[in-house]
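Two complexes come next, and they have one chain in common, subunit A, joined by subunit B in the first and subunit C in the second.
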Partner chain A sequence: MPSAPSTYAGVADVATVLILLSEFAMLRAPLLRSQIRLYAFQSLVVTALAIVIASTRHIEELYVLALLSFGLKVVLVPSLVMRLLRKADLELGGSSALGVPSMILLAIGVSAIGFFSIGSLQVHSIALPTTALAISAAVVLVAFLPIIFRADVVSQAIGFFSLENGVSVASLVVAAKLPLVVEVAFLFDLLLAVVVFGLIMRLHHGRTGSLSTEELDRLKG
Partner chain B sequence: MSVADLAPQGVQALQVLTILGGAPLVSGVISQIEARLQGRRGPRILQPYYDLSKLFRKETVVPDGSSWIFLTAPVVSFGCYLIVPLLIPVLTTYGLPLGYMGDILGGGFILALAGFSVALSGTESGAPFAQLGGSRSMTFGALVEPTILFVVFAVALLTGTDLPYALAATVRSSTSEMVRPGHVLAAIAFFLVVLVDTGRIPVETHSGTLEFGMIDEARTLEHSGAPLALLKWGSAMKQLILYTILINVFVAPWGLATSGSPKAVAFGIVSLLAKAIILGSIFAVIDNLFSKLRLFKITEFIAAAFLVAVLAVLVFYTGGG
Partner chain C sequence: MSSILVILVTMPFAVAIASFFIPTKAAKIITIAAGAVAFVLALALVPSAATRSQIVAGSLLRVDALSAVFLVATTFLYGTTAVFASGYLSLSNNDAGKRYGRRFYAGLNLFCWSMTAAPLVNGLALLWVAIEITTVISALLVAIDDTDEATEASWKYVLIASLGLGIALLATIIMYYAGTAAFGSSYELSFTKLLSGAGKFPADVVRLSFVLAVLGYGTKMGLAPVHTWLPDAHSEAPTPVSALLSGALLAISFYAILRYFQIAIRSIGPTFPRDVLLIFGLASLVLASLYLLAQRDLKRLLAYSSVEHMGILAIGMSFAAPIAIVGVLLHVLAHAAAKGTAFFGAGSVVRKFATKDMRKIRGGIDLLPWSGPMFVAAILALSAMPPFGIFRSEFLIVSGGLQDPRDFATVVLVILVTMAFFGLSWFATQTMLSPKDTSMTPGPSGVATLVKGEVSIYIVISMGIGLIALVILGVHPPEVLLRLLNHAAAELGVPK
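And then the complex of A and B:
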C-alpha cells in the first residue's frame, strides 16, 4: 500500500487529474459551446497549477507565464473561437465515428498507456510529482481522440488546443525553470495555431456552409 | 458524576435504530428543501412518518396469480437494510462487535440482495410497469457494479484492507490523505454511484408519476398497505445508508464517537443526521440544476462514473495516488 504523497503533491496531482477529466468531458460534450467552455476551464486549472508551483517553489517567472496563459488561453482563445462560432451560427458538433461510451472506454485504454509508459520512466522533478507527468501524457493522448474521431473543425481545433495544455503541464513538470522566452515561444505557437484554425474554420464554412469535415469529400475534382 | 459507558452491543443497536428512525426525517427535510428551491411550500418535514403510519393501517391488496414472493420480498429487503448499518461506521470510529462480519463488498452484497428482492416482487406482481421497473433496475444495477468494484479496489490500495472503518481512519489521519488524487477520485465515483442508486435527477425523477422514466419507483407500483410501507421505509433507509457510507467513510468522517460515552454517541447521532441533511441538500440542488437524462443516455453517465473510478486505481499505480 503506497504511502500518501505530501499535501502539495496531492493538490498538484488533483489539479492535473482535473485537467484530464475536463479532457474526458470534452469527448462527450455535444455542444460546441460547452467544449469551448471546458477548454477555458482546463486552461484555468493549468494557470492555477502554475501559480501553485510558483508560490511553493519560488519560481517568479512562472507568475508571468501564468498571467500570459490566463490572458491567452482562458480569455482570448475561447472568446475568439466563440465569435467565429456565432458567425457560423452552429450549435452542435459534427457526428462522431464512435459512440460516447465506446470512445470513453477507448480513452481509458489510451490514458492507461500514457500512465504506465511515462510512469515507468521514473523522471524526477523538483517542481511536481512524477504522477503529474504521467497524467499530462494521458491528457496529450486523449486529446488525439476528438481530433481523430469527431468530424467538425471546431472539435478538432479544441482538441489541438487542449493537447497544448497537456504539453504545457508536462513542461511544468520536466522543466519548471525553463527560460521564460522558451515558454512564451510555446504560447506563440498556440497563437499561430489559433490563427490557422480560425482561417480554416472561416474558409471551410464559407465554402460548404458547415463546419463538418464530412463535407470535405465534395471538393474532389 | 460520570455516566457509565454504553455497551458496544448497545451502540451497535443504536446504529441500526438511528438509520431506522432517521431515514424518514432525512427524506422529509430533503423534500422540504427541494420544494423551497422550486418556490413551493412543500410537505411537512415529518410527512414521511405520517405516510408510513397511514400505510401500515391500510389493507394489503395482492394481485391475482402472484405467489408468496410478492409479500415476502418487502420483508426480506427491509431486513437487509437493517443489517447493513451493523457493518458501516454510523456512529463510532472504532469497529463494533459485529462490525467486522463483512467488508464493503459484503455490505454491497446485502444491498444488492435487497434490490434484487424488490425487483423480484415487482416482477411477481405481473403488472407491466412493475416488471419494466424491475428489469430496468437490474440492468442499470449491473452497469453500476464495475464502478463499485473499482472504488473498492481504490480503497483496498489506499488502506491495504477493504474495511470501511479502516478507510475512515485513514482519511481522518491527515490532510494529505484527504487530497490525495486516488481518494478524491474514488469519492467522486462513489458520489455518482449514490446519485444513481438513490434514483436522483440525472438518472430518475424520484417524485414523478410518469411511468416511462421510472426505474426504482416503478417496482413498487403494485404494492399497497404494510408491504408498501416497508418498501418506502426501506428505500429511505437505503438512501441514508448510502449517504452514511459516503460521509463517514469517504468525505467527512468527523464527529463520530470515539468511546461509548452516551454524550459522544448522542453527538454522533446528531452530527450524522446533520451531515446527511447537508449532503441531501446538495443532491436537491443537483436535482434543480440538471434535467433528467434520456433512458439510453444513462449508460453515458454510468460510463463517466466508471471512468473516474478507473482513474482512481490508475493513479495509485503510477505512485502518485
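And then the complex of A and C:
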C-alpha cells in the first residue's frame, strides 16, 4: 500500500462503511420515502469519496465524475422516484417475504462473505485502502436482498440503483484512473436505465393501480 | 473497409430516428432496406475478416473474425425480421395505430442498431455500454403491447437484466484493474491491448473477473440459473422482437463472454474458463430440456429452446478441440436463422389462431399452407435434423467433445439434446400436423370458422429466406465462411 496519510485512509474507510450502513438502513426502512432518502444519502457519500480521492491523489477527472454523479444520483434519480411516489399516493413499501431482523442477519452473513472473499484477493490500489473494495463487494451483495425479498417496484428499483453505488465504489478503488469518457458512458447508461425503469414503473402503476409486485405471478413455467 | 464499419454503426440509428417521424408505411420500407443493406455490408466484411487479423476504424471501431461472425448473425436477423414485421403487424389506421407503428419501428431499428454496434466496438467498456443499451431498448419493446402480461415481463426483464449488467460492469472494472499490472494505472480498454498484455495479468483477479462476466452477461444470454426473465420476455414481446431477442441478443451476450474467455485463456490458461462454462452450460441444458417437455405456450416453448441452445454453446466452448469451437461459431449463425424462422412461424400461427396456447392450436398445416410446413421445418432444424445448419454445428461440437478428456459432458449433451428434441417435436407435430378439432373454440371465431390461407406473404418470404440460409449452412457452407469460422476459432484458441 502506498504511504497514504492515515487521516486519508481513515476518511476513506469511514465513507465506505457509511455506504454499507446506509444499505443496511434501507433494509429496515418501511417507508418508501425514507428508502429514497437513504439512497440519496448513500450517493452523496459516494460523491464525497470521489472528491476526496480527486483532491488527495490529484486525479482531476474525478471532479467531473463527482459533479455528474451528484447531479444524477443525488438529485435527479431520487426526485424522479419521489415524483412517481407522489403520483401513486403511496407511503408504505410492499410486504416483505422476510422480517427485518432475519433480513439484517442475512445481510450480515452475505456482507461477511463478500468482505472476506474479496478481501483475500490482495488487491493493491493507488486510490483507496483495499478494505474499501471488500466493503463495496458487501454493498453489492446486500443490495440483492431488497430486490429479492421486497414486493414493490420502488424498493426493487432502489435496490438496483444502490447496487450500482457499490460498483461505483469498487471502480473508485481499482479503476480510479479509468478514462473519463468511459466513466461518463457508464453514467449515461445509468441515466438511460433510470428513465426506462421509471417508464416501466409508471406503466405498471397504470395497469395495476399499485406499486406492489405481488400480482406479478401470471407468467410462470 | 473501415468506412463499412462506420456505416454499420450510423445507418440503423439514422433509420430509427427517421422512422419515428415518417408514416409507418415508409418506415416499413426503409427498415427492410436498412436491414438488407446492413446484412450485405456485414457479408462484405467477411472475406477480409477471414484473412486479416483486424479491420479498424479510428480507435473505437474494430472487427476481427470473431466479431464478424456475430455481425453476420445479427444483421441477417435485422433484415429478415424487418420483412417479417411488415407482414406481422396489422395496425389500425387511427391515431393509436399510427403511434404504435412509429414507436415500434423506431424501437426495432434502435434495438438492431445497438446489437450491430456491440460486436463492432473496440473494448470491454464500450461493449458493456452497447449491451446495456440493448437492454433498455428491448425492455421498452417488450412492454410495447401494454397488456398486464407484457408489463410483468418487461419489469422482470429490466430488473434482472440490469442486475446482471451491474455484475458485468463489476467484471469490466476488475478486468481493468487486472490490466493495470501490465499497462500502468491509466490506459484504454481496447481488445488489441488487453489481448497483447493478458499474459502479465494477475491470475486471481482475472478469475474473479471472468466468473463475474459469465454470471453478468450470462444473465442476458439466458444461462441457467439466471435465465428467469427469458421465457417471460420472449413470450410476451411482439413476435418480431422475440425473434431478435432470441436469435441476436442472446448471441451478442455470448459474444461478450467470449471476449472475456479470450483474455482469460491468455492469462490463466484454458482449464478454469472451460470449467466455468461447462457448469453453466450443463445447468442450462438440463433445465431447458425438462421445461421443454411441459410447455403449453408456443412462444415459451421456443424460449426454452433458446436456453437449451445457449447451454449447447457454453458446453461447446468447454471442449478443447478446435473443431468444437468452429461448431460453436457455426451454431451461433445457424441458431440465429433457425430461431428467427421458428418465431416467424409462431407469429403466423399466433395471428391465425389468436392464441399461444398449444392445446388450442390444431391443424396448423391445413390452415397455413406455406408457413405451416415451413414452421415444422424450422422446428426440425432447431432439433438438429439434417439437412439444416444446426445439424452440422452440433455434429461438429459433439465430435469435438468426443476427442475431449471430459467426454462425459458429450454424453450428457447428446442425451439432453435428444430429450429437448422430443419436447419440441411432440408439441410442434401436435399443433401443426394433427387434424383440426372442430369442437374447440379458441378466440372469438373458433377453429371451425378459420379459413385456409396465409396471414401475409411477407411472413412466408421471411421464413423462406431463413430456411434457405439454414440449408446452405447445413449442406454446403461457402468456402469463405468456413475460413472465417476457422480463423475465429483460432482467435479463441490457446495461443501457441
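Here, the second predicted complex is superposed on the first by the 212 of 221 C-alpha atoms of A that agree within 3 Å, B and C clash if a C-alpha of one lies under 4 Å from a C-alpha of the other, contacts with A are read in each partner's own complex, and residues count from 1 in each chain.
To be clear about the criterion, a residue touches a chain if its C-beta (ideal position, glycine included) is under 8 Å from a C-beta of that chain, and two chains touch if they have at least 3 such contacts.
Computed from a prediction, not measured in an experiment: that's the story for all the values here.
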{"item": "Fit or clash - subunit C, subunit B, common subunit A", "value": "fit"}
{"item": "Partner chain(s) touched by A:F41 [first = subunit B, second = subunit C, both, neither]", "value": "neither"}
{"item": "Contacts of A:T7 with subunit B and subunit C, given as first, second, both or neither", "value": "first"}
{"item": "Touched partner set for A:E164, first subunit B, second subunit C, both or neither", "value": "second"}
{"item": "Partner chain in contact with A:T130 - subunit B first, subunit C second, else both or neither", "value": "first"}
{"item": "Dominant contact partner of subunit A by residue count, subunit C or subunit B", "value": "C"}
{"item": "First, second, both or neither for A:L178, with subunit B first and subunit C second", "value": "second"}
{"item": "Vertex subunit A; arms to subunit B and subunit C (CA centroids, nearest 10 degrees)", "value": "150"}
{"item": "Overlay on chain A, subunit C to subunit B nearest C-alpha distance, Å", "value": "17"}
{"item": "Footprint overlap on subunit A, where subunit B in one structure and subunit C in the other make contact", "value": "118"}
{"item": "Contact footprint of subunit B on subunit A as seen in their complex", "value": "1-2, 4-7, 9-11, 13-14, 17, 20-21, 24, 28, 100-101, 104-105, 107-108, 111-112, 115-116, 118-119, 129-132, 134-135"}
{"item": "Subunit A partner contacts - residues on subunit B that touch it in the complex", "value": "157-160, 174-177, 179-181, 184-185, 299-300, 303-304, 307-308, 310-311, 314-321"}
{"item": "Of subunit C, residues touching subunit A in the complex", "value": "125-126, 128-129, 132-133, 135-136, 139-140, 143, 146, 148-149, 151-156, 158-159, 162-163, 166-167, 169-170, 173-174, 176-177, 180, 185-189, 204-205, 208, 231-232, 235-236, 291, 294-297, 300"}
{"item": "Sites on subunit A touched by subunit C in the complex", "value": "118, 121-123, 126, 140, 144, 147, 153, 156-157, 160, 163-164, 167, 170-171, 174-179, 182, 185-186, 188-189, 192-193, 195-197, 199-201, 203-204, 207-208, 213, 216, 218-219, 221"}
